[in-house]
Amino acid sequence: MKRFLAAAVALIVLAWPLIARGPYPQHIMILVLLNALLGTAWNILGGFAGQISLGHAIFFGAGAYTSTLLAQHAAVSPWIGMLAGALVAAAVALAIGYPCFRLSGHYFAIATIALGEIAVIAVTNWDFAGGAVGLFLPVEGTGIAAMKFDDKPGYHYVICALLAVALGLSLWLRGARAGYYWRAIREDQPAARSAGVPALRYKQLAIALSAALTAMAGTFYAQYVLFIDPPSVLPLSLSIQVCLVTVLGGAGTIVGPLLGAAVLVPLSGLTSAMLGGSGRSLDLVVYGGLIMAIAVFEPGGLVAITRRMGTDLRTARARWRERT
Amino acid sequence: MAPEALRVSDVSAGYGGLPALHGVSLEVRPGEIVALVGANGAGKSTLLKCIAGLLKPWSGAIAFEGRGIGGLPAHRVVRTGVACVPEGRRLFLRLSVRENLMVGAYTQRDTGALDEVLALFPLLRERESQLAGTLSGGEQQMLAIGRALMSRPRLLLLDEPSLGIAPRIVARIYENLAAINRRGVTVLLVEQNVRAALACAARAYVLQTGRVVQQGTAAELLESDLVRKAFLGI
Amino acid sequence: MNPLAQALVSGLLTGLVYALIAAGLSLIFGVMEIVNFAHGEFLMLSMYLSFFLNASLGWDPLAALPLNAALLFVLGVVVYYALIRRVLRAPMLAQIFATFGLGVFLQAAAQFLWKPDFRTVGATVVSGTRIAMGGVFVSGPQLVAAGGAVATTLALWWLLARTGTGRALLATAEDRTAAALMGINANHMFALAWGLGAACVGIAGGLLSTFYYVFPQVGSQFALIAFVAVALGGFGSVVGAFAGGILIGVVESLAGVFVAPAVKNLFVFGIYLVVVLVRPRGLVGKQ
């Protein structure tokens, strides 16, 4: 049943540009998929390995800025730029992880917030990267090689491909040794360590992969919107958004980030937030309320809620059968 | 007033679904010293925790001076007149000796018991302003007992008071316990050191895998085969 | 005028206010190992309280300080019972998100209700005054704020070190089970910690409003600095957090004057990272 559902959803998503003809619904779907990608990436570090990062915008920005600057100054293809961005982000991630993974839980989260703020200040004051003004990407030169399209479907399929890569990686890792070690670290790091799990190494693996995928999303965003600046690719609100997508859907599950993105994007008008760079504060009121509600009532997110409903439904059905 | 100070009736309890006590009953009469002995994992500490309010029993009743206290949280149990010296002492290491004692008097209107406690343990008076973490094992145990006495309890529970302490000091602690008992405080103590416990207590219960397997006066138990073989190596 | 001395004094005064904010945060963490990610928003709410009392009733924020303290105390207690208590035994993710969500919610609500405009509080008893001491100029409001911060922190210290309730708080912080055996109700202590922590930040907000702009994001700036101060001084140590706050204030001021104002926060965070690398539990912290 689950596989049939998954296949059906995948089919709809792939066929979307044919089903929904106008640019607006196509744009919404692209944003859903982009957020799903960001959530899936965050999930590797925060969901699987249990290290809560509230500074993931650093990696998003790293990807966006690396590919854009390479394109501007060295005429490098955005695809190569995307890989370069991923490498840069992974390097930054490892550099962050090395000292910060000594910190546990709350302390680590705070460190990531501080680092996020440093990134904003640093880039805003860095003229080479456009400073506060930002960077524009050239509008001409479309086609797959340039990762630039005149209309939405092209972008749609690029983000589908990226998401597929991320999901495939997640699925594979979850069942591999890394996935087991991450679970052990997440549940009880001291116990995991004494059982021989090399905690730092695997946490570094998680953050590097998470960062690389996030950076790829950043490059995509740059190519899609054709303008980047610190408030659009580096703000704390973006880091919050990335977390929320996963946590709302269900951290630690594969489907969670997808569910979270599918609910959150249409619900809260992320559209204007992402494009305009200035969120409507009402969105954030809702985010804040949602985050608190999840924390208090169901930290497992929508996935856990649907599972519970599923169990309740089955028990109710069984009881009804008993009666009749 | 009920004839017994403490009555435990058919208590079962455990941790996270795993049972540690199966229908244990015992009683302690006013002014007695009663010991609970048994091997590691027998459930002695578990029972004490139930009485002290640190663990909620799954079933059964616990009554102190006729009033039910089973299931009450620890901070309310102590107000009924039952104080507990926990396993490992659990002192506030970053507070001074004096401050530890003052915290012990939290439920009392005044700290009048302070002088009595310091008179009982002159060693503590010498170290009054030292941090509890700097005391030796034996001194810490005395402080822990003193801290419990600050709430002027009528029943004192002790969980393994001799654990990790040199034999000479253990003897001194037991002398102190006898003195405390003479002043009218009923004592229930859990001990792995069976000899010391039976030398001090009037009666004892032997626990094994969560059940009472033997009970009687200290003299009776010292004669029993079970105790001699299992604990005294005879 | 000696720029070094000026920067030092100015930094010290600001640092004392940071120290008060950090002390409140550290108290909460010390007693129950939960970081209040909404601490900055408590500050912001207190500042808006001062602003509205001043704008509609003409009250001087300094005179209204007891009200700030009282109302924020109540807010802290309410937040504990309504929110924090439910995540005490929840996974860490839930604990982080509970206060983090609260912070996001409060800041956004403030922005929605009161608009992002920068507000200033009207004339207070000390506005516009400047004092010259040995070649250094100090503004009246800043001096009063620093003085108020010192007074409040001393009061907090006295409460913790010299009263039965304070001892009970410290006992709960160290070992809540042993504290329970003494008759101390951990829940009450937790609520008290939240109330006191919020009251501290409430007073800081009232003091700040006499010379700082009031706007929805003002809390975030100070909160981040408070986190860094607490991390610097050591989570769980009120004294450490206090020292951390002062240090940050001075560093920030020196960096702003001698390097460039735009990047002074880089120095602040830079120090934070260095401390994290070298001594993760902070200068005085418990671990």
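To keep things simple, chains are lettered A, B and C as they appear, and every chain counts its residues starting from 1.
FYI, a residue touches a chain if its C-beta (ideal position, glycine included) is under 8 Å from a C-beta of that chain, and two chains touch if they have at least 3 such contacts.
Here the structure is a predicted model, which is why all the values come from computation and not from measurement.
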Central subunit by CA centre of mass proxy: C
Chain pair, B-C or A-C, that carries the greater number of C-beta contacts: A-C
Distance between chain centroids, defined by C-alpha means - chain A, chain B (Å): 55
Centre-of-Cα separation between chain C and chain B, whole angstrom: 43
Centre-of-Cα separation between chain C and chain A, whole angstrom: 32
Shared-contact residues (touching 2 or more other chains) in chain A: none
Contacting residues of chain C [partner chain B, same complex]: 164, 167-168, 170-171, 174-175, 177-186
Chain C contact footprint on chain A (complex, rising order): 46, 50, 52, 54, 99-100, 102-103, 105-107, 109-111, 113-115, 117-118, 121-122, 124-125, 236, 240, 243, 247, 251, 281-285, 287-296, 299
Interface residues, chain C side, partner chain A - complex: 33-35, 83, 86-87, 90-98, 100-109, 111-112, 216, 220, 224, 227-228, 231, 235, 262-263, 265-266, 269-270, 272-273, 276-277, 280
Chain B residues touching chain C - in the complex, by the definition given at the top: 52-54, 73-76, 78-79, 83-84, 86, 90-95, 99, 102-104, 106-107, 147-148, 151
